Amino acid sequence: MTEFVKPSIDYFELWPLLVVFGVACLGVVVEAFAPRRLRYVAQVGLALTGLVVALVGVVLVARDVTTYEDGAARGILAVGGTIAVDGPSLFIWGLVLALAIGGVLLFAERHLDGGVSAFAGQAAAVPGTDAETAALVANREHTEVYPLMMFAVFGMMLFPAANDLLTMFVGLEVLSLPLYLLSGLARRRRLLSQEAALKYFLLGAFSSGFFLYGAALLYGYAGSLDFAAINEAVRNDVGSPALLLIGTGLLSVGLLFKVGAVPFQAWTPDVYQGAPTPVTAFMAAGTKVAAFGAIMRLFYVALGADRWSWQPMLWIVAILSMFVGAALAITQSDIKRLLAYSSVAHTGFILTGVLGLQASDQLAIGEITSLQAVLFYLTTYGFATIGAFAVVSLVRDAGGETTAIDRWAGLGKESPVVAAVFAFFLLAMAGIPLTSGFVGKLAVFSVALAAGAWPVVVAAVIASIIAAFLYIRVIKVMYFDEPVGDGPSVAYPSVLTATTIAVGAAVTLVLGIVPGPVLDLAAVAGEFIR
Amino acid sequence: MNGTVMSILPLAADLPEPDLAAFGQDPWWVIVLKAVLIFLILVLLTLFNIWFERRVVARMQHRVGPNRHGPFGLLQSLADGVKLALKEDIVPKAADKVVFVLAPVIAVVPAFVTWSVIPLGPEVNFFGVMTPLQLTDMPVAVLFMLAIASIGIYGIVLGGWSSGSTYSLLGGLRSSAQMISYEVAMGLALVAVFLYAGSMSTSEIVYAQDKLWFGLILMPSFVIYVISMVGETNRAPFDLPEAEGELVGGFHTEYSSLKFALFFLAEYINLATVSAIATTLFLGGWAAPWGIENVWEGANGGYWPLLWFFGKIFIFIFLFVWLRGSLPRMRYDQFMALGWKVLIPVSLAWIVAVATIRVISLEGNINRTYLVAAIAVLLVMTVALMFVGEGKDKGQGDAEDVRADDEPHDAFAGGFPVPPMPVGGAVRGAAAPMTFATRRTTVTASAEENHE
Amino acid sequence: MELYTPVLALALLATGFAVFSVAISAFTGPKRYNRAKLDSYECGIEPTPQPIGGGRIPVKYFITAMLFIVFDIEIIFLYPWAVHFDAMRLFGLIEMVLFIATVFVAYAYVWRRGGLDWD
Amino acid sequence: MILTILILLPLVGAVVTAFVPGALARVVGLGFAGATLVAGIVAATQYDVGGGMQLTETHVWIEAMGVHYALGVDGLGLLMVLLTVVLVPIVLLAGWRESEAEGNGGAKAFFAWTLALEAMSLAVFTATDVLLFYVVFEATLIPAYFLIGGFGREGRGRAATKFLIYQLAGGLIMLASVIGLYVVSSNQGNPSFLLTDLAAIDIDPITQRWLFVGFFIAFAIKAPMFPVHTWLADTTEKATPGTSVLLVCILDKIGTFGMLRFCLGLLPDASQWATPVVVVLALISIIYGALVAIGQDDVLRLIGLTSLSHFGFIVLGIFVFSPTGGTGAILYMVNHGIATALMFLVAGFLIQRTGTASIREMGGVEKTAPVLAGFFLVAGLAACGLPGLSPFVSELMVIVAAFDHHWLVGSVAVLAIVLAAFYALWMYQRTMTGPGREGAAPVADLDRREVGILAPLLLALVLFGFYPMPLLDVINPVVHDTLTGVGIGQEGGPQ
Amino acid sequence: MTQYVVLSAILFTIGCVGVLTRRNAIVVFMCVELMLNASNLAFVAFAKQHGNLDGQITAFFVMVVAAAEVVIGLAIIMTIFRTRRSASVDDASLLKY
């Protein structure tokens, strides 16, 4: 038996992570002990405070990180090398936390639906029964969603920071499990919501099975779960290449599922549509950010030496995602499904960025790394998405949210501001200049092209054109089509949702005009610790 | 590391250092012979236990008990077994045939297998071969036992489920719920033992108790274990799965003939098994009770330990019988509450306490008195917190609870398969409707009004 | 592996015995057909038809099952920790207290929300 | 700084107009347009006829990617800027009432969007950073989209969507080339989007051809050229004439502007490589546009299609690579802007009066509205290149250059003049002469406001028809520089 | 050790095929668990092969995760089951484009 070595836990660097986890646990305690009427305020306050404190923590840590072992990376390896608190991690943490704050605000919105939140009064009550009615009459709501969300945020922070396959797997699950539940908690259209949860869960569990088996094979190949060790093994070409290849493939399945890349996109539209809109907003933004962080860390750090075997696969996946996402989005008649497919297309675009060069010593000054481009794209995408879904939650009719696109006709006249903001988000997603989406696209395309992936870029351009059509179609419906029947009405949100939308729009605009600071921030973040 | 265990009380039984290398060396015939012997012992033990139980309970109830077959009626159980074999073997029409037949097998095999890691004695001369009086041992023996024992639960659940009968199903469910509930407490109770023994191998745990039985220094663990072992075996006062007042025979309602006998056998072997585990983990296993070693040097040598071992087991068996003879059956909610709300938190608190004490004795520079006091306070506070919270909650009348009472009665609400109501209401004819029916209508109506 | 071979021997023996018992009872016992005998037992009334798959199970049992899983997992971590506690000492204690406290949070929640109350 | 002011003025104007009360909006909007006009003229006075990039300013924009906010004008840019600042106030005046009509998006929106469009267009013509150019190039689409979709006739939403899709498609294809340029420049160690930097780099021929294709497709859609012109007719038919003026006379010039500046300026070898194909496409555009125009029933649609023909001429002039052709093309860009604007606006006034755009349903207008008919005739004659009106000069130069290039090309181009005469005169004949429509109220003549709006355009047509020298002085250096870049020396000036 | 890896691969494949072909949500779910356990087997086998403990520790964590997944999955499937009285995946078909 080898001597027990106490792992060093760098509490300062892990501070944001611990705060989020602690707040999540505290939330459960509040849920257990606070009287019902206090829970809402307590939970929202707690979650917001926790997120803000964590965000401040991220900033403090980021100011403090130093260069790692004279390399290009900055940061430290914490907890015995299982968590990498490096520049990219911190960037993603900050981003996830910012998006999560928006998410909490949306979760807490109670003005839209007559004084109750978007979550079921009692999820356990069977829809259509007296028990459900009773819960409705009592104006009950699940305040558990806040701790659940905090756990998901914790997972989203752990996932991209994981420096070995085990931690990554744990992060993956911690991020996924609360989201499965949250998807099923819609107040209206409960059956749809439950079904979404079921599909999300089954497919998610399936894909994490793939991830895990891939991890096992990679472990079999390298004899270690640690990314650096795997990289070493790949470099020295020990072990069976078949294990490496199959392992990489299976791992990719798990990761690509999380980002909703084709051919693992099947869950996206169903879940986006069925889940309560605040959850969709938070999930669509947060999951993608976290999962892409993890994808890049895995592929760059652990499998960087093996890039010739995974790059062709990602090429194909990226191209397929863009085309399938854009093409299927056109056929949609539901705005949430449309946004879901558009997110699939965006996954393809981001993957295009992943294909670029990541080492800054391969680049000239004035060129950006893949990491920078993807981080920037994630920022733009995250804020635009959360904002767009927030707007979706405003447009309502008697049955709750109106998500059928043709019911949005005439929104431009009914509520010019809401329509304008939504159109702005759509334009950002389409990548029209002077929105953040354009700069994001520019960044990922240029890194991909610089790495010689011109077929992908050409495909991306064509896919962008297809995608542009669908965004414009929605804008056309809002502005130029005659309303059907009464037309949609727009519920006046409280300051919570309004803030989220405003911040989303502001970020989208500012990043479109002066993207420099964020690009620089991503540059300062440097590279992954290898 | 067991040398460091509690050197406060100098006690005699100085057992030789344990070594797992002693296992896995037997020639094949020794293995077979040991296995057959264990099998025989268990079958005989079961026959004896049934008789023993009936006699003791009879005594407690001022009866005589079985006394016809053999001396003191000792062969009564055997006669019962033969009789069962001659009964018709019924497989109900609604049953899932394969599972129905398989269930007793699943129940009984693990019961036997568990015994393969129970140490019955030290290394002895076994027909010319030096071998421990134990079929085998492994570094994770206790875990192995727990795992195997868990398989036995499947036999009960599947038996209840496959019978196609309401009573069986509920009995099976109840017993599985009960067993898993108490398995948690049982599992937690064992942690303290491992903490002190530094091993999960049964033989090493026995050796680790050469100075002091864990049952004494880890009293709370022991008590929890004893309570949960009663729950784990579905014995009175925790025999809810076969509560004949509510569930006829529970999961084995539909079983007859030798299949029933197998369930019966499994239950009694489990009785012995949990007793043997208790003996091994808490009462020093086969080692002679302290004091005896001082008087008699050879008490822990040769085949003598078998005596101590089975003696200790019979103490537990008697305890079981005693409980059955004297205590009424618990209500199901009380029973589950005991398991979940008392045993588990107490176990957890106790584990932390034990670990803390252990750290202190290992580090050895913290004042022990204060610490014990602090732990006690913490423990009390933890437990108190849960109860205080509960009381306040009820006082305030949480909307949830009130609402639950108001909900109309639905025969299928919880999913209990209740016979369908006759058309036109629960009661027809002259009898007045029952009260719950009226309440249901009013509440429903008012709820609907509110809603609209 | 040698440590597990004896287990196999005993298991084979026990299985043989059990299978033999189940099989033999088919021959030793009488066979007298009676429709009522093959029905499920329900105190003499017509048995309630059981839906395929064994009918619906009260949700409470699922909650218990879930709770069991949670605690069983806790135990999984407690055992190796306990066995090697002497090597980890204070560090091990602190970490485990944190772990237990975390699980305890969930436990407190379930308790307070009535997950442990049977009726 | 003057160029920044030039861009900011209408941009600020757009925002202000959007927020002032409805009654004030038009006045404020027009005020800003006027101010922009003044600023444009000031800029022109500061311009030195000698050539080269002038009035430049450069600021770092996105440092991480080597993007600059860089402005500057050469002769071509200056002319386009002037065309823009002149046409916008005219369009605003022409749309004074119309934009308030039933079913339209309101005058405020029209003025605001128009000003926004003006700002973006000015930025396009002055940008000397490729990415900045691209950004504003795409940004013009949004105001254009809302102008088309918000104002005009039934089915405009569809037309707007079609327009936007076409343009976005072109834009995104161009984006690939823009990034490609950047990547090539970074491979050579100096990642930059600045035109001056990019002109200095050495691009291998194959890459150059790919990049050229990307740029050219975008500009061809913009211009428009056969076969990617189909958005044009729909758009001009559904949109208001004012919008059409903005689109055809200003925005579409970006296409040919870009061809000159980017295709020829940055990718000379590939431009020569592509010449045969481009020339053929240009010829097809010329003939096809004219032929299809003849068959049209809708006035606005007809005018739109004539532009297809005219843009064919411009592209032809650019790609024959001769000083005469180049000069003719640039001159044509200006003249076409003026002539087509006049045509659209007159047609607009006509449609306002008759309530229909169908040629078949009009007739006899000249009897009751002689002034209107007169303007219409002049515009039509300008379109078919009557000597004495400015388009004649440019058309002639292009055709001469085309004959120099190859006799067949010249012949085909000449054929178009015949066709042009055919559609222009036939249109005039069917709408203005003959009997009036049964039961229709007599068409009122243009009032003084309308005449006032149209008069400057008419004057310009006549002025430049007789005396194009000021324009040529500005144009010649540009053509010289461009052709030198391509590798063809200046052999004999124009005239 | 190879035979253990092969066995784990077979188990994994069975689970995978099960997920794809079975219609009952609970069975699908069990197949997923089978996949996780196949991974566990592979982890432990590789741990033995490489002579380090990483694989075994991972197996522990996987068990935890699997358990958490069971808890969550069971909750979700139960809700659906109670609503529809069916656990068939095919019956869950409200979400379509």
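By letter and in written order, the chains are A, B, C, D and E; residue numbering begins at 1 in each of them.
As a working rule, a residue touches a chain if its C-beta (ideal position, glycine included) is under 8 Å from a C-beta of that chain, and two chains touch if they have at least 3 such contacts.
Predicted model only: the values in this text are computed from it and were never measured.
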**Message:** From the C-alpha centres, identify the chain that is farthest from chain B.
**Reply:** D
**Distance-maximising chain from chain C - centres being C-alpha averages** = D
**Request:** Skim through the chains and flag the pair connected by the most C-beta pairs in contact.
**Result:** B-C
**Request:** Could you please state the distance in Å, as a whole number, between where the Cα atoms of chain A are centred and where those of chain E are centred?
**Result:** 25
**Request:** Measure off the straight-line distance from the CA centroid of chain B to the CA centroid of chain E, and report it in whole Å.
**Result:** 30
**Request:** Could you put a whole-Å number on the gap between the CA centroids of chain D and chain E?
**Result:** 64
**Message:** Can you work out the whole-Å distance between the CA centroids of chain C and chain D?
**Reply:** 81
**Prompt:** Which chain B residues sit where two or more other chains touch them?
**Reply:** 389, 400, 415
**Request:** Would you please write down the residue numbers of chain C that are in contact with two or more other chains?
**Result:** 59, 65, 72, 84, 108, 111-113
**Item:** For chain E, residues contacting two or more additional chains
**Value:** 68, 75, 82
**Request:** Please name which positions on chain B make contact with chain C in the complex.
**Result:** 1, 20, 23-26, 31-32, 34-36, 38-39, 85-94, 101, 104-105, 108-109, 111-113, 115-117, 135-138, 143-144, 161, 163-169, 173, 176-177, 180-181, 183-184, 187-188, 190-192, 194-195, 198-200, 248, 253-254, 257-259, 261-262, 332-333, 336-337, 340-341, 344-345, 348, 351-352, 355-356, 358-359, 362-363, 386, 389-390, 393, 400-401, 412, 414-419
**Asked** Where on chain E does chain C make contact in their complex?
**Response** 60, 63-64, 67-68, 70-71, 74-75, 78, 82
**Fill in**
chain E partner, complex, touching residues on chain C are 59, 62, 65-66, 69-70, 72-73, 76-77, 80
**Asked** Mind pulling up the chain D residues that touch chain A in the complex?
**Response** 61-66, 131, 134-139, 141-142, 145-146, 149-150, 156-158, 160-161, 164-165, 168-169, 172-173, 175-176, 179-180, 182-183, 186-187, 189-192
**Complete:** Listed in rising order, chain A residues that touch chain E in their complex are 123-124, 126-127, 165-166, 169-170, 173, 177, 180-181, 184, 190-192, 194-199, 201-202, 205-206, 208-210, 212-213, 215-217, 219-220, 223-225, 269-270, 273-274, 328, 331-334, 337
